[in-house]
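Next come two complexes, and both contain subunit A; in the first it sits with subunit B, in the second with subunit C.
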Partner chain A sequence: MLSREQQGLNWLLQWFDPRGRSIGGLAFILNRITALGLVLYLYLHLYYLRQLTMGPQVWNAFIDSAENSPWIGIGELFVIAGGLIHGLNGLRIALNSFNIAVPYQKQLFYGLFTLALIGIAFFAVHMFGA
Partner chain B sequence: MSDEKWTVTFIIHRQKGPDSQPHFDEFTIEIHPEEFVLDGVEYIWAYKDRSLVFRHACHHTTCGACGMRVNGVEKLACMTKIADVTQDGGKIKLEPLRNFPIVGDLVVDLGPLYRKMHEVHAPEVIPLCASPWEGEGIKPPQETPKREDGEEYIRLPDCIECGLCVSACPTAASDAEYLGPAVLAAIHIQGIDENPDLLALADSREGVWRCHSAYECSAVCPSNVDPAWRIMDLRKQIIARRLKFKK
Partner chain C sequence: MQDATAVPKAGENVWLWLTKIISGLIVFVVLTIHLIVNHYVAPEGLFYYDDVINYFKNPLIPIMEGTFLVFVVIHSSLGLRSIILDRNPTQKVMRVVDTVFVVGGLAVIVYGIWLLVYVAGLG
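Let's look at the complex of A and B:
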């Protein structure tokens, strides 16, 4: 109920301040951060894919360098984590929007977040395990 | 109940008007753990600093005037027990509500909320059959007693227009036009079937579709309004109308 001028920079920053937030608020922050991460990933993905148009040598050299870099694996795990957390929480919000299980939104979040953590652990072991 | 008092430091947001620089002042007082935050604020005003600006009226959660942030969380100061928010030797940080213009220190201008409540003709009394019923979501009681003359009993609505929900809402923080939890709850309680103008408002860009499901409104509401549940129920009703191609 404050105009942009009255808010200063708060309108941009306040949403991701976790202090004093309840579970629902933390879930919203996590959902937005992962959403922004996924959008960033989408653009990086398209940017690097453009090398496909530059011929097989360029593409193969890129794949070789990607395979040798630990950062690509870590980045991929972040994408998986972001996708799982955002996607599963998205199901919660979608269900809630039909007024299904709104009184249990916290329990739903705990359950789905645990599921996301299990998924992340599974992929981490699969990708980095011996 | 023991008579032992606690030593508590209140860290209070000070700001003389919307354009001046805010700062924090500290006041250390002796206070009983069973007393309330508002008691501490009144003590500070009475004995430490007469220029402290705060607002209250009823002292028992019906007026909604003493809303503020206690340690970062929206509360009515009159019903927030000292023992619930600090310990002996501890601190209590008091700040004004967010998302409203500052008047001074702990007081904000709730005018924007009152005007929006007026726009949706938020009722002063509601029939008993529209009262919330605790349980899975908020539902009207199954059976409401009738008066001898056959008329409905009426009661005050639960919303005391304290603004805590608007302050806690991250969407209200970034969108000044968003109707907000209290106003959408006021639409819900009147019913969109009976009020096409309210349906149009709820089903608008700044209505139920603007909500990002953070559920902070229901977490802080001191009066069992459960605005988040009501917003989700409005969404359900609006989707149902669309699927049935209802006009």
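Let's look at the complex of A and C:
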């Protein structure tokens, strides 16, 4: 008999486990993971923007330190990737919700996901390319 | 292809579900405009203090950013609520969750609008 905490952990792990999922299930996981990442980014972004109220020295020093960190660029690319995947997949969900293109939702998912990958590659080259 | 997000789930009022979908579409449109405007108005990116202040001198910018903030908070709160609903919580738990999201969401919107007005006022 699993404890309540173990049951909760299993539920969470199952939620992220991509094995044996249909394409709809994978789209669902992708939508949720990107949503959580984007929410985290949104609140961190709002929190750090408060430094604008502390004057140019504080804000510019913050930007300088961010520019010197390789993690910021990688994080930005993750935000772009999350935004593209969540936004384009969300567009499919919205269309399907209004009964538009329901028989073609698989093709729509593949097409929009490919578009998201192209977008991510474009931004990666733009950000990290020579 | 089954998609659990394309229909309202148990415990999700149809109007909340519709608001989630429509706010998502509005966020998508405003974010696209935001990226295009940023590309043309600030091709080097919004980095240093003076760049940010100059960007906010255009009165349409705070309106666009404010609209984005309101709808992104609505969409994210309803989305997080949907994730919690996956756990089949009791009605009592959902009442607490709803209160936290409404109060927290309003606080974030008020803070964000205050920040926008403050930064726009610096120009």
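Note that in this section the second predicted complex is superposed on the first by the 116 of 130 C-alpha atoms of A that agree within 3 Å, B and C clash if a C-alpha of one lies under 4 Å from a C-alpha of the other, contacts with A are read in each partner's own complex, and residues count from 1 in each chain.
Going forward, a residue touches a chain if its C-beta (ideal position, glycine included) is under 8 Å from a C-beta of that chain, and two chains touch if they have at least 3 such contacts.
This one's a predicted model, so the numbers in the text were calculated from it and none came from an experiment.
Looking at the shared chain after the overlay, A:78 reaches neither subunit B nor subunit C.
Of the two partner chains placed around the shared chain by superposition, subunit B and subunit C are both touched by A:105. Of the two partner chains, subunit C is the only one touched by A:56; subunit B is not. Looking at the shared chain after the overlay, A:22 reaches both subunit B and subunit C.
Of the two partner chains placed by the overlay, neither subunit B nor subunit C lies in contact with A:123. In the superposition on chain A, A:46 contacts subunit C only, with no contact to subunit B. Of the two partners subunit B and subunit C, more subunit A residues are in touch with C. In the superposed model, A:3 lies in contact with subunit B only, and not with subunit C. Shared-chain residue A:93: touches subunit B and subunit C both. Comparing the two complexes, residues 11, 15, 22-25, 27-28, 32, 93, 96-97, 105 of subunit A contact subunit B in one case and subunit C in the other.
Remark: subunit A residues 11, 15, 22-25, 27-28, 31-32, 35-36, 38-39, 42-43, 46, 49-50, 52-53, 55-56, 59-60, 63, 67, 83, 87, 90-91, 93-94, 96-97, 105-106, 109 touch subunit C in the complex.
On the side of subunit B, the complex with subunit A involves touching residues 18, 69, 71-73, 98-101, 112-113, 116, 136-137, 166, 168, 170, 172-174, 176, 180, 212-216, 218-219, 228-229, 232-233, 235-236, 239. Listing the residues of subunit A that touch subunit B in their complex gives 1-4, 6-7, 10-12, 14-15, 19-25, 27-29, 32, 93, 96-99, 102-103, 105. Looking at the complex, you find that subunit C touches subunit A at residues 1-7, 21, 24-25, 27-28, 31, 47-50, 52, 72, 76, 79-80, 83, 86-87, 108, 111-112, 115, 118-119.
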